[in-house]
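Read through the structures below before going on.
Next come two complexes, and both contain chain A; in the first it sits with chain B, in the second with chain C.
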Partner chain A sequence: MTAVPDTAAPAATAPDRGDTGRAGALLAGPAAFLLAALLFLPSSGVLLLSLTDYRFGMPDFGFAGLANYRAMLGDARVVNALGNTFLYVGVVTPLSIVLGLILAVLIEAQGRLRGLLRGVFFLPVTATLVAMATAWEVMLHPSFGLVNTALAALGFDKQRFLTDPDIALWSLAAIGVWKLMGYNVLLFIAGMSQIPRDLYEAAAIDGADGGWRRFTLVTWPLLGPVTLFVTTITLIRAFSEFETVAVLTNGGPNGATDMMLFTLYEEAFRYFDIGLAAAIAVAFLGFVAALSILKVRLFDRRVHYV
Partner chain B sequence: MKTLFPLTGLALAAALPATAQTELTVYHAWPHHAEWQQEIADRFIAANPDVSIDFQAPAPDYDEGLVSVIRQNLAGDPPDVFMAGSHLLGDLVARDMVQPLDDMIGDTDLNAEGYTDAVLAFTQVNGTQYGLPWTSSTPVMFYNAELVEQAGGDPDDLPDTWEETIALAADIDALGDDIMGMYYTPGDDDWMTQNLLASAGLAPIAEDGTIAFDTDRGREAIALFERLHDEGGQTAISNNDARQQMYAGKLGLYFNSTAAVRSFEREIGDRFAWGTAQMPKLVDEGGVASGGMAAVILTDDPEKRAAAWDYLLFGTGPEAQALVVENTGYMPVNTGALEVLGDFYQDHPQFETSAQQTDRAYPWFGWPGQNGARISQIVLDRMAAIANDQQSAEEAAAGMTEEIAAQLPQ
Partner chain C sequence: METVRAGDAVADRAAALSIRGVTRRFGDVAALDDVSIDLEPGEFMSIIGPSGCGKSTLLRSIAGLEEIDAGHILIGDRDVRGLRPSEREVAFVFQSYALYPHMTCRQNLAAPLMMQELSALGRAPGLHRLSPRARRRRADIARRVDRIAAQLQIETLLDRRPLQLSGGQRQRVALGRALIREPKLFLLDEPLANLDAALRNTTRAELHALQRRVGATTLFVTHDQAEAMAISDRIAVMFAGRVRQVGTPDELYRNPVDLDVARFLSQPWLNRIDAATVARRLERGPARPVARIRGEALRDATGVVAFRPEHATVHPEEDRATPGLRVEVERAEHAGSDANLFVRLRDDGTPCVVRIASEGIDDWPPGRPALMRFDMDAAWVFPHPDPDPDAAASAGPAAQVA
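So, the complex of A and B:
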């Protein structure tokens, strides 16, 4: 998940014929082998398992055809988890990108506090999320958590942030934004440092010397490649949300915060239904792959590379 | 080091008695149990120098312990002794990972050794003894004595019916905005719901195969959970939140496993008076759920099996069980431990409540077939729906019955 933003790299020049081509193939060999051994092989194993009725640890299993896929689509719990996941992704992705961008611009405009602010917003990324989730649990305590104390002081009703089925998913989404935003801030700041100063000077000469016009004319277009990468990575990370669910809500109350990866985990390692879990994993892989391909197809052409 | 001092090693080996060492690997759940588990092992080794015991890093909970043990079994190298959640014993049996203990028990009269039939039933599957119970607990009522008094109740004479208990909780709840009358934890599985059924005198599935939620009394037990929220002042917060609320002195009655007693002692200290009382009943013959850890032997090696059996008997014997009780709040599985614990119980009456209600304990019910964990979750979800007013108790009971029936073996 912490891939290098290779889409942002300048396109490589076409290889020469002959020796260079062979050398290239040779150099790519180890990576290709590892990719096959560590990614494609296990993935096809999962694909095969999804066609069986294997139960974790049982001595034997049989071929089940597409029964697991039918069960998956017919299972109200899986469908519910899927709906929750889409809602979560739909909220967390745009918010954490937009807020990340705004914060990055504001932080870069800062003088002395810049280093401190970068650190503060990047903190959630470096901290262990399980420990952070526990801190959130204390903050969101229904009676004397910090947030509820503040709400009460302002004259609002106290909320059961993690145990009210109408609110729980939104609470997790807020934590998700908090978590992903910091990473996005850092990427945007890195992207902004790549923008040549003279472009701003040129823009100023052309009359664009206000903050907003500088942003729309220079900063935003030139952040294209970074934004593309940030969007991909944020989408995938939001899709694979697991820790906050596992630590804070266990998918409850009554499935209100069930999400795809958590359901997958429960099916495999609590209910031992490996076949169904594998089917969910295949669907998950499909989603992530489709998303990445679609987005690259849609946006890659419109992005200006520096 | 070995290569540096080969002679020292030889000399040491020669100095030891000629008997071969038997090495046992033991695996248990709950990291906070590691200390007393180790203490039992140390005492056992002291009494049996020809056996050595190695602990694997403890699993975070019963479910993950089971997953890990199945995985190790697939790799061909499971631990020799495993402490399973007793409701998960069926999963080990279904995978052929554990053999009946008949060969080990032989002619031993386990009743005479201090194990009652009720206790032995915890670790049987279909009447066959697969393990010995290592710890055992029932849920009890924890109370904040000061809040009970303020509400006009008598901490030394708490009600034993749910009807009066709910009334008391309502009075406590009325003491202030920041005070919650009661909290009955729904738990992480269906155990606490089994307890509600037990208090109505029911097992989850009756002898004739009827699912309890499909009977009038079963529906009444489920409706009780709804009443706790509607009348007793319970709000649907998480168990962790409720525990903090209890420690802060803002919760009147709290219902959970007696295993929490030790934490209560540590967290509350002398800040306010508290205690435990027996679980209230819904009907006169109402019982309580019970559960705990089942120690099973996974190794097939006859020599290790014999040593492991000795270890099981030692750990479930009077002395070791007294140690477990003092360190956790569990109750002893061996009646012999009650004598050892006489003074301790005198000084810590909160620890004894659970032991006093064992005569009405129902074993931890494991759902037949392969879908026990899934059924637990079905129950848990429906109970959450009741607590959050998403469904009436009636609807939830009907829904549970239908969903559970679909998961049971046809």
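So, the complex of A and C:
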């Protein structure tokens, strides 16, 4: 923002510099204020709280240094939640991206049903997640759920999808894939519509007029920027999974589906350990920031081909 | 597939092109209406016509990017209808160049060869080392890329990506990618349209020289008649999906078959005056000479007299030795060595243009009355383009050049 007056005003109009600067500041003001009020201030607050022993409802609190961070790393529950989160992210991110891409390519190759299919796959994004989670609960019900009925009809054993410690996290991961995939499909479709048609025509003349050849020569490389964006946003959204845990499993059975944001929530609003919760929040913020920086610094230049 | 090596052997590969009765409809509109054109092997033909006349559609149909509803397209003696674009042995240069943005120029040049001459294994980065044959082919492709780059003088650009290049450089890479396959037929869709004016003139000369050297039969689509006149062996003029005339630049310039063709090849526009008006004015004076256009008496003709600005002259009003058309000067436009003098006929207000030397521009201030004469042997009489001649005459310059 500070660069605006520098570049906009040539040296010859030096008296105007101040005016341009003031106008720039004025224009940027509302956005800057909102950013500060809604993002920077609360984040700094959380950062400060993570260095205290504040507990919800207590009249005063003291400086605790890095004790909360030490406690966080030593806390079996946090470590378990962290492991679950990484596993969840590691499964959900690649699957929802690859499936999203495949579906997007297939839908775009489709003629008449294109609009309907886009709608169907985008539905999870528009629907209220808590309502959707409840729908999944019914679907996955151990005795009369649709999935188990289907399994039984096919001769398999019924599964306790949300209460079996070996399966619960995978069930949530499947729901996560379903949820994130639709968004990714839409982003990939938007990305494909940006690919110039004459590139496909040049490819056809060069001998890549369909299928895998065309995909590798034109579609996939030109989806680079979109894929990078999709990857970043999917990673962040998978990291911040909360609703399905809260509605479907409450982190159970026995911590099998406990994840980072759910732990944070519980530490803060069930055990009122604000200091520890703030430390988790800071760690979470760190992950997300690291991902974003990685995206901008390392990969942006590689996919924009300039 | 063994490829022809020597540069001059390519000329032998140049194929004749025969377009026979090709029709293409989009809904009710015929983008191509029974188009037939024949090209000799090695010939350079331009297709010109106003926007939407079907010239690009024709080119794309030949390449196989567009389907045709009727007719046949023969490249050499092979009917290519129904063949895939890559099987037609044609090269296509797009107006946008359509270079793959994620690839270096080297990879762009190699892309057609990689796609056509290597298996999936051979194309896979790294994996090709496993197969001696793929290794040999890749080495051969690399040699051919170097050779075409040398030919187009783009060796120094090979490791850059298209977005890092200027328009002219991209255009060369696009040409290289087309030429590297040593195609039988070379299709160019307004390849110079995105270049600035100065570059366009030098590039078109280079393009012409390159085509002569390579010898490939070439079809060149442009909306710029000067460009087509400058570099073509023959030109096909299209209007509304139909070919109106095919001929050498000179034939087209001297003997256009109709008003549209004549109009399209005139800068800034073609003068058109009702034949009766011209006859009335020119057969005046003491001698009452019979005005003849190309030997035919004008008084017997019906339609419009058409002549180009360069075949018209203006004279002071007092100069009545020979008859002329009475006009009034409206304005002048400087065009370098020449100037275009815009005048209006006293009789019926028909706008006309006269090409004068730019030194004379000050002699003809707006409002000055004058006499306009034109070379009767360089004029034509065409039937009225419109059932209502008055409407056509008053259509004005904008409608005439469109």
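By definition in this document, the second predicted complex is superposed on the first by the 275 of 306 C-alpha atoms of A that agree within 3 Å, B and C clash if a C-alpha of one lies under 4 Å from a C-alpha of the other, contacts with A are read in each partner's own complex, and residues count from 1 in each chain.
Heads up, the rule we're going with is that a contact is a pair of C-beta atoms (placed from the backbone, for glycine too) under 8 Å apart; a residue touches a chain by one contact, two chains touch by 3 or more.
Model, not experiment: these values are computed from the prediction.
Peer 1: Sharing chain A, do chain B and chain C clash or fit in the superposition?
Peer 2: fit
Peer 1: By the touch definition at the top of the document, which applies to A:Pro165: first (chain B), second (chain C), both, or neither?
Peer 2: Touch partner of A:Pro165: chain B, not chain C.
Peer 1: Considering only the touch criterion stated at the top, classify A:Val218 as touching first (chain B), second (chain C), both, or neither.
Peer 2: In the superposed model, A:Val218 contacts chain C only, not chain B.
Peer 1: Between chain B and chain C, whom does A:Gly207 touch in the aligned arrangement: first, second, both, or neither?
Peer 2: second
Peer 1: For A:Phe272, select first, second, both or neither according to whether it touches chain B, chain C, the two together, or no partner.
Peer 2: First partner only.
Peer 1: Thinking of the overlay built on chain A, is A:Asp198 touched by chain B (first), by chain C (second), by both, or by neither?
Peer 2: Only chain C is touched by A:Asp198; chain B is not.
Peer 1: Give one of first, second, both or neither to describe whether A:Gly57 is in contact with chain B, with chain C, with both, or with none.
Peer 2: Touch status of A:Gly57: first partner only.
Peer 1: With both complexes overlaid on chain A, what's the closest CA-to-CA approach of chain B to chain C, in Å?
Peer 2: Least C-alpha distance: 48 Å.
Peer 1: Inside the complex, what are the residues of chain A that reach chain C?
Peer 2: My answer: residues 196, 198-199, 201-209, 212-213, 217-218, 221-222, 224, 305-306.
Peer 1: Given the complex with chain A, which residues does chain C contribute to the contact?
Peer 2: Its residues touching chain A are 60, 63-65, 84-86, 90-92, 94, 96, 98-103, 111-112, 115-116, 120, 161-164, 177.
Peer 1: Give the list of chain A residues in touch with chain B in this complex.
Peer 2: Against chain B, the touching part of chain A is residues 55-59, 137, 141-144, 160, 162-165, 250, 252-255, 266, 269-273.
Peer 1: Which residues of chain B touch chain A in the complex?
Peer 2: Interface residues on chain B, with respect to chain A: 63-64, 67, 70-71, 73-74, 91, 94-97, 178, 180, 188, 235-238, 240-241, 244-245, 248, 250, 370-371, 373-374, 377, 380-382, 384-385, 387-388, 390.
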